[in-house]
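Some structures to go through are shown next.
Shared between the two complexes below is subunit A, which has subunit B as its partner in the first and subunit C in the second.
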Partner chain A sequence: MKLALEKMKGGCYKSEIAPSFRPELEVIGKPGAKIDGPQLVSGERAFVEDYVTPDTCYMVVLRSPHASAYINSIDDSEARKVEGVIEILTAYNTPETHYMQAGQGNPEPSPHDRRLFNLKVRHVGDRVAAVIAETLEAAKEACSKIKVDYEVLPAVFTVEEAMAPGAPLVHNGIVEYRSGAPADLDEYNKKAGDPREGKVIYQFPLHADIHKNIAASNKGEIGNVDEAFAHSDAVVEATYQTSQIQHTPLETHLCFAKMEGGRLTVYASTQVPYHVRRIVGWVTGLPENKIHIIKTRVGGGYGSKQDILIEDLTGYAAFVTGRPVFCHNTREEEFIANSTRHPMRVHVKMSGNKDGQITGIFMEVCANTGPYGNHCLTVPMNSCSKTLPLFKCDNMRYDLKVYYTNTPPAGAYQGYGTPKGTYGLMMAMAELADKLGIDYKDMVLKNHVEEGYMLEILKGLGEGREGNVVPVGSCGLDEAVRKGCDMINWGKKEVSSDPDWKIGKGFAMIMQGSGLPGLDHSEAIAKLETDGTVILNSGGADIGTGLDTISAKIVAEILKLPMDRITVNSGDTDSCAFDTGAYASSGTFFSGNASVVATRKLKDMIIKEAAFQMGEKEEDLDVRAPGEVYSKKTGKTLSYYELSHTACSGTGHGQMIAHGTFTTAASSVPYGAHFAQVAVNTRTGEIKVQKFYALQDAGTPINPEVALCQMYGAVMKSIGHTLHEDMILDKKGRCLTANMTDYGVPMISEAPEDFKAVLIDVNDEFGPFGAKSISEIACNGAAPAIGIAIHDACGVWIRNWPMTPEKVLKALGKI
Partner chain B sequence: MRIDCIINGKNRSFDIDPTMRLRDMLLINGNFAVRDSDDCEGFCGSDTVLVDGTPVYANLVLAGEVNGCEIRTPDGLGNSQHLTIVQQAMIDAGVVQSAYNAPAAALLLTWLLEKNPNPSKEEIGKESESFQGGDQGCLKRNLHQRRRL
Partner chain C sequence: MAEKLVIASSAKEAAALKNSKSAFLAGGTEDNRLNSTVDAKTLISIGRIADLDGITKKDGCIRIGAMTTFQEMLDSSLVPDYLKDACRFMGSRTKRNMATVGGNIALRRTDSYLYPTLIASHAVLELMDAKGEVSERCVCCYLKRYDELKDCLIVAVNVPQKASVVSKRYANTVQSHAVLTVSVGEVEGKIRVGVAAKNTALKSLCDISEALSQKDLSDDEIKKMIEADKDLRFESDIFGSPEYKRYLLAVTISDLAKKVKGGKR
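After this line comes the complex of A and B, so read on.
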């Protein structure tokens, strides 16, 4: 509004939109128009629903009212009589192929533990049947006429219930391994229950035991933690609990699929087009050349669109009916049948000495993956692998177990386990500092890692394989902590004029990754068109974060071309090359680096062709704005237009097309520190976030204004998780808060009065033009920063999010 | 029932059930940027349109209610080749990200500036409470007292 008003009144902006970085570069590190901005803000066709054709059929899913039940029978005879019904899909007429819906690298570190439809429903909202009809109304009416006979079973909803002796088993079928099967597997499978349980198939061992509801587990240690605990000045031990929360993208999950010329085309709002193609291929039996995934613009992903939650069934429906099919989740379905953040119980034991040195850390993580194992190993592992490496500590141990339950499903969510691990570890460190009588800031500064520190802890924390032990690379952590402490006047006690309100301050160190070294993989194809413009086909998936703009800026920077002469086409599996997708904070680092590789190769081709056409030596040539080759020796120039036109003239060498692949073992870790000042009403328990300062080292912020907004958005989301959001289940597993009004996303009135995002300027060695990731890490700081500030304000530790007024009053002993 | 109205400056007539939601009528007219994020709950504001100069949730208005009215929809502002100052400012500020309801936000902010060319920060905040900004997460309306237990 401020910018618009300035332009209306004075014809130009007077305010600085965002800081600039890297003065030696033209467009990278400078605020600039996001290339998909005009399309999006003006309401042009952009999202999946905008491409649905008038002849499209609608699909509605009948969902289970029970948290756990066998299906005895399904009678769809009346439903099929409804006019306009095309097909009804159930477990009885769909493939028995077992797969999973997590969009992860193949082979996945998640068990294949479901079919399109199962004969055992495992949560309220689980798929029972799907009706494809010519109208939405007919599909809904037919759904209401399907008769299902259930054999209702006892259910478990918490990790405590799931781990109890004799607990009902969420999965009790045959277990198979694609590799690494244990020697006693045949004996193990003798305990399998009803055939309707289906199978659980591991791609490799996840240290699971479905007979104890354990979906995955892992543990590891460096040094000797018990020894450290025994010989330290103080030890603290506490358990931190997090609730089940949902991503609430404004665009609920949706998919449009149709058969054309014997191929299946799927319009998908997805973070992982190539994983969608693979999994749709698995359920339909189609090879990848017969499937075309078109990623549209994505109206909010946050990890929920890393999973193939709707494309599998919609793609299959279009395949078997031959009709165009559209499916669009209701908001309620988003909550009960989609994916959520894994609820976790993080138990931390930490020891330290009077000089502030942390001597030992033990993290025990119990996570609830719900009825299916999407990301069941990797999310909880991230709660350790993206937190413990913040500490220079020689003795660290982690032990994590992930349990199946009958809650709504869990999956990937921005931050990917790290917000919960950070909450536990930072709170425990503050509790330890408090016990030792040491300033928390001093303890942080004494114990945080710095560039070059060798991260031995990572050895056991690979994603299903041995992790890379690497030294800390570029690191703005110390600067973020010190600068934030200055901004918030750390150590200065603020006092409210109202005696009921107590004010406190807190902060948390944070880190994440920039993709998964050794696992992630990105490709790009750069084409010089015949008029000297460039089309870059990027396998990356821009989900609103500005990845396409990053790729365009990379081309502009390397080829010295104006931005309006560059088009980025991304996430289309026919025209682009393979990319694992936008998750694990990989977009900028992996897909951006693939764009760098492809564009540098194209530049080399341009120079080589220009040398031929100009009769010059390659070493005498370079490129310059506005898109031409010039000779440093003779001063001659050749525009890209002339160059490409000649190359494609019928007698030339042909179009210049470069293909870039990026994989790496290098790790570029973003760091930061988030600060909060809160006011707590000790009479009512109300909590107000007065100030929030998010300081992050993102390497070179390629789109600084977009990066800052990513930070603001993620902080608001995590303030919501910290203070308000909660999927409350009743005793039968039904979600009581499955709508926007009851659920509790934060309101504008709850935004911090003083809210700042600050980019710490660090140039990374491995990132594209020095860039690291920006968004996921920004979800990690709010809970511990606010929790520590609440303690500073009124002396109580709230070890359970959301931190509600009721919990504050209970902790204060007032109710 | 015949509904006569003006949509983005053009006369339009519909022969439809007057109990149809206004959003559904606008979708028939091709105004697909009037979206639904909340099952017609009136929470997110993705379905915001202006009826006779007043912002409403199009999912909570019946088609019969707009007979004889003037309606403005998000796609009635500038197009991608000719953006308005508000639309361009939103892009320049970095707030157009996943942008599912960015067009509706542009419409609301445009309306606010037309109504009050010099709004205070508080006035902007108050008026934008009818919105949920997906990426910024800070534009949401508190329609009901929320459960906080």
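After this line comes the complex of A and C, so read on.
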């Protein structure tokens, strides 16, 4: 508004949109527009839906009305008579291949526990059949004519129900291991139930026990926690419960697939094009050279498009029918049949001394993965591995168990377990400070990690393998805490003129990762075209986060080329090289670093070829704007156009193409602190977020303008989780809030009155131009910051999401 | 799902066309909504009827044509502030530009944006029957006698220019359905309480209004009167427990009544 008013008044605006960083660099660290902005705002073809051809068939999925049931039979004879129906897919005519939908590195730390269609439905909304028809109306009509005979089974919806002795089992089939099978597996499988249960196949042991509904587990300890508890001045112990929430991307999940020349082409709105290709290959039986994934622009992912939730079935449908097939989830399907954030019960026991030193921490995490095990180990792991390393504490223990239930499925969600762990740990620390009579800020400053501190706790917290014990690297945590405390006037009690409104303040330390060291892998190919422009084929997947802009800036910075002479082509599995995808906050760090490697190699090639063409020594040459090689010795110049044209003229050395690969064992951890000031009406329970300050160390923000947008957006989402959003299930497992109105996504009206995102300037050793990740971490702070602020305001701890007025009134004893 | 659209050229034509299988199409925010509650074979568009537009002032009353949008009310210098407050309860700017006062009244939703305020301000509706005859009914009468008036075309709503009316809306987010909207008004020395309680009731709380006109009431006294009201049988749902809703209604009436009376709690 401010900028618009300025422009209306004076024809242009002069206010700074975002701060600048790294004055020695030309484009890195400077605000700038996203390179795909014009395409998006002008309404050009950009999204999956834009590529659907007129001859396309539509696919509609018949979904289970029951939370748990065996399918006795399916009669689709009447449905097949509907004019325009091409095919109806069910468990009876699709492959028995077991796989999972998580888009993770292969082999995945998730069990292969589903088929395209199962003979046991495990949640309301589970796939029963899919109709492919020439029109959407015909597909819907045919769906309504499919008769299914179910044998309804008892169901479990919470971890408490799932862990109860004698609880109904969500999976009770044959268990297999691809590696690391236990010696007693044959004995274990003698307990397997009905053949319709299917199989559960582990790539490696996840410490699971399906006969107890346990999908995965892990535990570990450093020091001696019990000893610490026994010899501390105070101990607090509390349980924090998070709710089931949905990503609600504006663009619901959709996919368009078609066969062309014996190849399957899939237009996907995805974070993981190469994982899509692999999993579509598994279900169709096609080799990867016969599958072409085209990642379009993505209308919101937030982790849900890390999972292959619709591409598997759409790709298979196009493959078996030979017809172009389009499938597009309704909003209700997003809630009941997609993926959601794992609900978690985080039990924390924490001890400390009167001097503010935290002496012991125990975290017990019980997570609800729903009916299938997507990310079942790694999401709950993150609730420990991205929180405990915030503390300089010698005695820490974690114990996590993940349970199958019959709720809508869970999966990856921005923050990936960390928001829940952060909520539990920070709230517990505030409770401990309160019990010890110590200012929370002082306790934070005394106990947070700093650069060089060795993170022993990481040893057991790898993603299904042993973790790396590394020291804390670049770290802006202390600055974020101190600066945020100054901004919000920490320690000053604010008083409302209305006695019913009480005002309080809170904050939380936060951290995340920048990809997965030792697991993630990114590649890029940089090509100097014959006119001296550059096309960068990046394996990375820009899902609206600005990764393509980051890649372009990297090329511009290294080759000193104007941005309009660089094109980034990304997420196309035919033209680009492998990348694990955009998840785990890996985009800038991994895919960006691959672009750095490729572009630096291209620069070396340019210098080498220029030395040949110019008759100079390589060490005397360098590149400069606007895209030319110059001699520091003779002053001679050679434009990229002349250079490349000559190289490709028939007598030269050929086109300069560089391939960059990036893998690392280094951890570049972003840190930060989020602050909230809330007003609580002690008469009505209403909560207003008056102020929210998000301070984050993102290393070098390559595009500060977009980085700030990421922070604001993620904070708004997490405020939603904290105060508004909730998937409420009835006793039969049906979601009562499966639409945007009832679910409660916060809109601009819910934005804090005073809302600031601040980038803490830290240069990282390993990131591209010093950059670390920015977005996921911003989901972690709101719940504890607001929870602690509510306590500061009115003296009650709200230990479960969402923090509603009714819960406040109950805690206050008003109802 | 509607199968036919008729564009009426006059109020009389529209009123004559209305029957149990048809519905008036005003701003369209409900009729055209996915999963709309409106079940009609024929939609009668009243968007081109000039008689239903306009905001005028006469004898201390503000007459608002039924097709006036929420945004037009907000932009008007004639519409009293208390009614603008109710218009602002509609969070969506897009909907404000579409939704009409007449449409909102006709829907009688239990999360209505306007009804509590219209009840509390003793608003009067101008209704046209199938014969084209116009009669005036207060909002409360319209609600009570809806079965006999449901096919009438709402032509306009009249609200007092000067009235002391305060309202409060409770919703998860601004754009969520409200669990509770309450208005308390004082018009010509009489207190009126209007309530829209989601999935429960849309009504004037006559007993409480009467009692508040006589004296101040404590939270507990109001709560007991709510418990005694057979129309206010709250149930547990996604909006909260019955206990929460009863408590919230009681304290809100109490607080709003004190504001209207100028007292301080």
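In this section, the second predicted complex is superposed on the first by the 810 of 815 C-alpha atoms of A that agree within 3 Å, B and C clash if a C-alpha of one lies under 4 Å from a C-alpha of the other, contacts with A are read in each partner's own complex, and residues count from 1 in each chain.
Rule of thumb we're sticking to: a residue touches a chain if its C-beta (ideal position, glycine included) is under 8 Å from a C-beta of that chain, and two chains touch if they have at least 3 such contacts.
This structure is a prediction, so every number in the text was calculated from the model and none was measured.
Of the two partner chains, subunit C is the only one that A:R683 touches; subunit B does not reach it.
Touched residues of subunit A were counted for both subunit B and subunit C, and B has more of them. Once the two complexes are overlaid on the shared chain, A:N489 sits clear of subunit B and of subunit C alike. By the touch criterion defined above, A:H724 lies against subunit B and subunit C together after alignment on the C-alpha atoms of chain A.
In the superposition on chain A, contact is made by A:C709 with subunit B only, not with subunit C. Of the two partner chains placed around the shared chain by superposition, subunit B and subunit C are both touched by A:V745.
In the superposed pair of complexes, A:K814 makes contact with subunit C only, with no contact to subunit B.
Judged by the document's definition of touching, subunit A residues 724, 737, 739, 741-742, 744-747, 749, 804-806 lie at the interface with subunit B and also at the interface with subunit C. Residues of subunit B that touch subunit A in their complex: 32-33, 35, 37-39, 41, 43-44, 46, 73-75, 77-81, 83, 85-103, 106, 109, 112-113, 117-119, 124-125, 128-129, 132-144, 146-149. Listing the residues of subunit A that touch subunit B in their complex gives 1, 3-5, 7-8, 13, 17-18, 31, 33-34, 37-47, 49-50, 249-252, 297-301, 330-332, 543-546, 703, 705-710, 712-713, 716-717, 720, 724, 737, 739-742, 744-749, 751, 804-806. Listing the residues of subunit C that touch subunit A in their complex gives 35, 91, 170, 172-177, 237-238, 240-241, 243-244, 247-248, 251-252, 255. By the touch criterion stated above, subunit A contacts subunit C in their complex at residues 683-686, 724, 726, 728, 736-737, 739, 741-742, 744-747, 749-750, 804-806, 809, 814-815.
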